[in-house]
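Lettered A, B, C, D, E and F in written order, each chain numbered from 1.
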Amino acid sequence: MIFITRRERFNAAHRLFRADFTDEQNLEVFGKCSNPNWHGHNYELFVTIKGEIDPETGFLLNLKQLSMIIKDLIIEKIDHKNINLEVDFMAGKFASTEVLAVNIWNQLLHGIRALGAELHAVKLYESENNYIEYFGK
Amino acid sequence: MIFITRRERFNAAHRLFRADFTDEQNLEVFGKCSNPNWHGHNYELFVTIKGEIDPETGFLLNLKQLSMIIKDLIIEKIDHKNINLEVDFMAGKFASTEVLAVNIWNQLLHGIRALGAELHAVKLYESENNYIEYFGK
Amino acid sequence: MIFITRRERFNAAHRLFRADFTDEQNLEVFGKCSNPNWHGHNYELFVTIKGEIDPETGFLLNLKQLSMIIKDLIIEKIDHKNINLEVDFMAGKFASTEVLAVNIWNQLLHGIRALGAELHAVKLYESENNYIEYFGK
Amino acid sequence: MIFITRRERFNAAHRLFRADFTDEQNLEVFGKCSNPNWHGHNYELFVTIKGEIDPETGFLLNLKQLSMIIKDLIIEKIDHKNINLEVDFMAGKFASTEVLAVNIWNQLLHGIRALGAELHAVKLYESENNYIEYFGK
Amino acid sequence: MIFITRRERFNAAHRLFRADFTDEQNLEVFGKCSNPNWHGHNYELFVTIKGEIDPETGFLLNLKQLSMIIKDLIIEKIDHKNINLEVDFMAGKFASTEVLAVNIWNQLLHGIRALGAELHAVKLYESENNYIEYFGK
Amino acid sequence: MIFITRRERFNAAHRLFRADFTDEQNLEVFGKCSNPNWHGHNYELFVTIKGEIDPETGFLLNLKQLSMIIKDLIIEKIDHKNINLEVDFMAGKFASTEVLAVNIWNQLLHGIRALGAELHAVKLYESENNYIEYFGK
């Protein structure tokens, strides 16, 4: 069993808030991340998959395939977008890094399995000081 | 003459566009950065000042003072904000990194002089692959 | 189950030695790290906690709370200090990165539990080439 | 149980290909990595070992010993070399990062055990965007 | 006058040597970099251009144009290639980082001028510990 | 004219203070950096030299020579040392990063000239957020 990790990056706007809260309540719970005019980040996404080395190629998976599936299923939908308003797989959900990491996992799971590998981890940096990891359970 | 550089960071939303353009025209000129729903970045700001070492302290300037003036004049106004809508020193201007760097320079110039040092450079990263430098002329 | 990691930094002096050794013996076992006049490091501390996402907020834990508890229990006590002489939770112990990581774990365990999350890992960099991880067992 | 990781670096040339393929077939399967004239990388190798802290020293293992065994068994054999042509422990094998990570593991396993610790992980970066991890099973 | 820097990356094989030297002489002068079987690097290239901000767009230059010209004139020719054997603008030259930086400058100069900006600097990292800068004179 | 930069690293303890101040006065002027029990840093030193490319080798200077002269004149004297107490070229001087950078310049100037190159800049990081540059005048 070998593990391969691919990094992809995206820039997006978001806001942390509850629609049933006033701006004051949102500010109290979510701090400056609740700004109604949005703010944004350079997100770094690390996707780790696992499987056996193919004896015909020496690869677990062609990295180009892994990069392409992440780009198709995630980056194309979220890069230079507003996470709260424009990303289909985040519709109606909190735009926190925690919830985003779980939904990136769900978004990737079957596509990676179809390539013959297993998704192992999604690691998502919102800043150099904070990151979320999700392992699917 | 010695040079000291302080890094500060901020996260903000922005959009590149002209109000006199249609969305299609903006898309053509500014690409995905023109998204009307905004996107955002983790900006890294490096402020370089120059001057003589104070023989009483061995400092050019107390770093805490330098950090505080950058925070007061820049970070407090822009962090977790929308650059197009909420930042006073960017009102009515393009929210490009180039224009932002020049306006950060103008914003800092007199405050740093009042501390007894000279502003030398503003370096602003929008992503790990791109940065702008401005030297005031 | 989701994992969130927060990075905090501190600068400290330390020395690796045994009081029952001569300086020569200490030099032989601990090398230049045994210098009786101390040396120091910029330490980077990564604290990972785990738990469920709160359906009311989309958070595992408010990052500010996590940052504050690390600052209160660790950073305030060790930043710009001498680890051998001044850090209460290291009194009478080797000032190695291994022992420091274990004691940071012990120092954080109950406070993080009181916030409703579980401490998962302490990762401590002494330099860009070396780090220690401790998982509590 | 404590985990310590040491980073070492090496620069090497390699080529991904099968001798039983034509250049065209190799290009199709391995892309530009199949260039018959070679290309190369700055590899970053992270070796993680685990064990108990020695109560006599506060160490899991003297870092110099760990660094030296990695240099003797890996770096000396691969740094500034051609992985396909000159590295004994890669003879007759695919020069992919996956296969290289597994063989670095096999190369280190007994030497680290002889030092009284257990090899836990080999993590190998080929670029800032890709890395392989192997845990020995 | 504003300065914008774009980072691009490439991986390549090379060898430092003189054809009129024996392998022993090459080893003496160029060290392990003279290995006749090649070695390689992940190069990081920073291209800095300067000019005035266009009042119609807020840009010095569209970053996509800058990235594209670097890719066309440099990256396409050198990425995953052997610098000594396959790169037209390095034919018959030493494959040192110094010489490579100068030739990247010469390769880019007119194309960037044609875009309405001025090339200011080429900065080329061969490893995290070494880089070359060239300013055209 | 080409510029080459070499990075070297050292870990050291220091204290910012004036002997003619009380501990309270030192705390007021130098903050927590005045701790009488010392603190320390992982310093990163970037030394830039300039000169012409040697047409016989393609080098400005053999990097090994540059690394060795920095190690001999600086690193050997300061690594794992107490800057205030043990570093000959800092005796009787403030242990600030500003003063240290100037003295590293003075320490290197003649040795680099003897190698046939010219010292251009000393850049010294005390932390990821602060660095000093000195150009010799």
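In the analysis below, contacts are C-beta pairs under 8 Å (C-beta built on N, C-alpha and C of every residue); 3 or more make two chains touch, one makes a residue touch a chain.
Remember, predicted model here, so these are calculated numbers, not experimental data.
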Angle of rotation relating chain B to chain F [CA atoms, steps of 5 degrees]: 120
Centroid comparison with chain F (C-alpha atoms), farthest chain: A
Rounded Å distance between chain A and chain B, as computed from the means of their C-alpha atoms: 28
Centroid distance [mean C-alpha coordinates] between chain E and chain C, Å: 42
Distance from the mean Cα position of chain C to that of chain B, given in whole angstrom: 34
Multi-chain contact sites of chain A, meaning residues that touch two or more partners: 128
Chain-to-chain touches, reported pairwise for every pair that qualifies: A-B, A-C, A-D, B-E, B-F, C-D, C-F, D-E, E-F
Complex contacts: residues of chain D adjacent to chain C: 1-8, 48, 53, 57-60, 63-64
Residue numbers on chain A that touch chain C, as the complex places them: 16, 29-31, 93-96, 98-99, 101-102, 128-135, 137
Chain B-facing residues of chain A, complex: 9, 11-14, 32-33, 35, 37-42, 79-82, 85-86, 127-128
